[in-house]
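One structure, pasted below without further comment.
Chain lettering (A, B, C, D, E, F, G and H) follows the sequence in which the chains are written, and residue indices restart at 1 in each chain.
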């Protein structure tokens, strides 16, 4: 554990989370959600959970975002909140 | 040397804040994409630095590599959206 | 010791480029121009930082350390292939999305 | 007391159930279908009669099917009281079956297969109640009976039948689930058992207040006994075809209700306990009110079947009253009133049905002068009404007599008054009918009417004759009842 | 709704915050979680399973049963996406083709179509579907290396982070890259739907099958030790190889499922051009 | 997979060429990645590389191995140091721009079109990516026959296009 | 300051995960858009993963991959040197579950959109009522 | 091989699911056969296990050969053995009964359907059998995800949305459960139920453990649709396709209720649940509210299926109330009610599915004249309805018996009143339908001259009818044998747990 980095990244994570749910555009949400996953991946590796970080990197940063974009592509970007 | 890496890491975090600002503030979605892509490239470096801090860099390199690959896919996917859909802004509510 | 010096210098250079990238992303007036620092400065920044780490990793030269350093350089290679492509993809996306480029004299968009 | 293990009680119950597949199977061939009904009725009666000698020698026939709830098996026991009831209902089923054939064919009713099926189920359940060895078994059969009679009550499937069916279910199921079930559970909780015993299984350690509440819950829970104010289902249920009203609402269903009350007073609480705490006063009051009100309402009825229904309500309360007097004579009167009233009332219903088959009339006002067209029917009606009123030469006299004596024995003079007043009222609503039938000029509407088909006529004659015979030859009943009383009263002493 | 949400959030958040006061502090080496069950994994996993990566050892062996169901969850997701979205009846519509060398678009109305074997023409969905030469070429070059890396991750799950799941995702991603960079038809032509379906089932089947095979060999379910009877290795190495077999199964299943989900989501189950 | 066969004029029809090259390349990569030289892992490596080569060999070399493959590879590697140097210069330039206080006056974004004489797709992609990485320019789009659209950030970058770099790429891929 | 720091470090991971989780929960309940809800759900799940991983971390512990000691089979491994691997294992599963749920939910969202051409909950409800 | 029964119980349908899905790409016809096989074997195994458990007592099976706190164990006691039997029975019978509809309705994706079907069963079986807190979560997710997709295959207008809402609620539930497990883990360091049970007593007063318990419970309650958290349930169960309805509706909520009881008894202890957290009264009152609200909302529905879903809400109230009264009788009643409710909900949904063949919708009006058309099917519907009402000798009566008895012992008179009240409301609910089916003839037939002759009897095909009738008979048999169920199976475990 590296608490200095941990604290910094945790803050970023929360910023990302709030941004992701408050952006009024679903594609923006998808992209910010990807950023959220990056941060999480960093957080896991900071806490020495390498396997979790690996999974998060491959799932969160990779396929999950692509799925999300694909779904937005097939539905709509419009959102009221 | 370790504390140097730690500070470098913290500085990278600070730089991520800058990129994140672009990601959060927009104004357009592609701007967000730029911001997030920039975060991605810093993350790769940060991962390797964390490996150094743990003295187990060989374990972290794999993650970084995978990360670099998959980040590419995500950006490709997101940009692909615009290549298909014409509008940058939201399409009209109903057809 | 010399090795450490080299590492520090490279890392510092990398950080400078990264900083430039970060500031550039903030300061440039429109999407197209922002892509320039994002696409290029970060790439070179990664290269320098990775190289410095790879070199640092070699201060005890064993086969496994050498391979690890090679792997780190492999990341760099990968970044060098993928980053310009990604930049291009984003640029293309912007164009196809119909984003108007900034021209001299316009306010920041 | 010696106990014999035998599956005969179970067979007695199942006899009619076995007939169901056959009835359904022969639904296209009415003759065969009815044959199976008779076969079931006959075999059931025979099985029950075959247990008579055993019971009369002071033994009990028991059949434990399996343990449902720890300590409470699904168990059947034939004791004298149950046997009495079972005999009455199963013998009357045979007659009713004959009558049904005539009635249903005479009117060309629909869905006869269904009718016979549910009739069989209802009878099984009735016998089940009669033979239940514990409260849970009794409750199970009680509920089966409620449900099996629902399609019978609503047989006509029209709007009236529908609303009556609703009312029937609301009263019967509502009271049994809402009052009887919790009362039973509380008893189980207090006593740890539900098996009837001669001296009651609720011990004296339970406070009087609780016992009182339980008793009231039980009495109202058995809404089939039609104790006021839970009586309204009975007149409503008269929309059913007359054989249904006859057997079920003069014999099986309502008698099950009072039988349950008898069981509760004698088997759950125990006469001695109740007597020592004098808990039954409210029940007596209720029964008296019901007797008087039922009769009074009957006075104002024009529809014959409704009149009979209100009469039934008041007559049922005689039994409740007799039991809750807790005196030997009172109990005797109550018990003997079961067969007497059954035979009497079923005759009346048969007559009403026969009139309906022959003339299509339901109201008394339209029956003027009918006695000349249908002398046999109306004669039977007269005999039966005498029995109900409690006048010799009919069996009803015996029960009234015993009840009167019982009320004296129990030192309740007011009850005596009630009984006498009610007899007068009974006469007040029956005699006009007879009078109109025989001494009025035949109205054009009923002129030229013949007697009902033979199938209808024979049963009602038989029952009327039996009503008379019982006055002169009540020994079998007395014997059974004295055995029962020996258990109930003697055990506590 | 917002107010209700706020209430719920504050309530449960407050409850959770209240509970943290009894927690051992973050990173406490003496906390119950670090002292009760897990030390044994760290101490014994190398000698019991010959796997240095304790996470892999626990994942695929000590708690291998969990992981089997984890893979099943993934499989479920794939099957669910297929079931929900897949449309087998093609819609009636005009055909569009692109002549690749010139980039011209052909719009064919009616029944006629260009033979699917043609290398010059590519079926597309609308007149404006883009064709990006750079992205195509670069992706083509990267895919084999991504795949190789994925296989490496699967094979080296014992010694370094990674394993079947991560490798499987990357493998799947390599096909998704093709689908994104070219179009879905290309990817599906390369890795057919049928094969994909069979592979997803096969992968999980390998996992559960290995477990069942152990049971057949007379040990408990998933007790890889029993594999020593048929493998020319000791009992400890048998565990290690059992883990590898299982990881391969996971990898196959995850890859197939990721592709399945992407294909169905990106094309609404029509399997046309996709994203 | 669309195989741009017609555009590849010079190709060797060896069936095994792509497979062998892919196999060797990937096995080399495997050795770097793996770092374990025991039989077991090497065996796994062989299997993996074979799988990849079978499955994706045609992706790397659609339509077979190009003629003079080795020479081209060497040429490409020789091209890299120069490219790195250019990248470094370009980055300094962008860095200067982005940190310059009066940045808005300095830049003049514009889109430039030009026709390249490169033929093979690999060389064109190399060229396009090199453009993206170097002085203030990003490739917007490339058509198959070499029609480049480039976004340049300022006049200086716009001028330096299409000159030396194209030649060097052409030389690296033996297309001059 | 020092005191504050030790206490902050001792618990802040646990506090921040709660904040994160509440953000997710709030989004799940209060947001009107189905996809937003989905994002909230994912944040919620990640917050729990964060909690678990925080349980697993250990001061002075390194990653749970035992370093090879050549021929040192008998060599005792000191468990305090490595972080707790069990939560990592559990969380791998949780991540997988969350991505599976995510995939299924996206498929459902697409199906809903195909029918009603909107993803806003209130609009959906009015349209259902209309039809 | 018999030693491996606990694992095979879950693994056989699991493997079958994979084989089916794989084969469905090659040969579609064989799917049904394999699905049947994949459910018959576990059925046989579960019966064998029940027998074994009754003879030998508790069975503990260590998966992978690792001892419990480190590995995962399956713990089988008589109660979960009987729940397992119930699950396998329902799954098998339902598959047989609805196979025809599945084959026609999902003809192009039957492999996927069967696979999901089997996996749903796998999930439930695992949930019931497992002795590990985290394993339970994973299995729960399997059951949920398959459940989501099965539900979403229903009415295309409404099912996806209700399914998505279920996804949200279900995920919150599962996550709360996971969070609770995390709190347990951080305080005890163990995930094995028995181990946690042994480690917990000194920690009973820790706020973290209390919160852990609350969150586990709330999570489970969301999943089982306990009253204030039930909002997903009616929609989800209303629009599910009928072959899946008769699988999901009986099993999912009931298995979760079992999980709750299991958490209360074998993870935490009754001592903790009933004395350390003095919430038992509150929960019982909440259960009362659930029962009443469920019944009242059911009363407001005209759609029969929707009405039944609210009845499920109210039945869950019974179970929760019974479990939280806190004495052995009520707990036995709750467990018995789980089994009975599985059977009766199954029967009612299965018959509803069969009825749906002859009707256009599930509105009460659509039921008119059904007694004429499909007498046997309606008879089974009536039996199940009576069971839900609680008429003896159907099984519903007996669980109510124990519940009320327990409430009397525990002095919760409110609960008794509510139970009786809901029975009365159920009478209204069901007889409303019966009346409609019994009295009213559909208008189309009114044109004909005579009612009786004109309505052709269009009875359900035998492949559906026979299982249906058997289930209805089973309802009565379970009722009659509930004494032995309690005495042999439930009472020993419950009393041992409560002491």
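Here is the rule we go by: a contact is a pair of C-beta atoms (placed from the backbone, for glycine too) under 8 Å apart; a residue touches a chain by one contact, two chains touch by 3 or more.
The structure presented is a predicted model; accordingly, all values stated were derived computationally and were not measured.
Comparing mean CA positions across the assembly, the chain most remote from chain D is F. Looking at D-H and C-E, the interface holding more C-beta pairs in contact is that of D-H. Chain centres here are Cα averages; for chain G and chain H they lie 29 Å apart. With each centre defined as the average position of its C-alpha atoms, the distance from chain B to chain E rounds to 22 Å.
In terms of their C-alpha centroids, the spacing between chain A and chain E amounts to 19 Å.
Those residues of chain C in touch with two or more other chains are numbered 21, 23, 35, 43, 64, 68, 71, 74, 78, 81-83, 85, 88-89, 92, 96.
Along chain E, residues 16, 20, 23, 26-27, 31, 33-34, 37-38, 41, 53, 55, 59, 63, 66, 69-70, 73, 76-77, 80, 84, 130, 132, 134-135, 138, 141-142, 145, 149, 153, 159-162, 165-166, 170, 173, 176, 180, 261, 265, 268, 275 each make contact with two or more other chains.
In chain F, the residues that reach two or more other chains under the touch definition are 29, 33, 35, 128-129, 139, 141. Of all residues in chain G, only 25, 28, 34, 37, 41, 44-45, 48, 51-52, 55, 86-87, 90, 93-94, 97, 100-101, 104-105, 108-109, 111-112, 115, 124, 128, 131 touch chain H in the complex they form. Within the complex formed with chain C, the chain E residues making contact are 130, 132, 134-135, 138, 141-142, 145.
Remark: chain E residues 15-16, 18-24, 31-38, 40-41, 61-66, 68-70, 72-73, 75-77, 79-80, 82-84, 86, 88, 194, 197-198, 200-202, 204-205, 208-209, 211-212, 215-216, 219-225 touch chain H in the complex. Chain B meets chain G in the complex at residues 54-56, 59, 94-95. Contacts from chain F toward chain E in the complex involve residues 1-7, 22, 26, 29-30, 33-34, 36, 41, 44-45, 48-49, 51-53, 55-57, 59-60, 62, 121-122, 124-125, 128-129, 139, 141-145.
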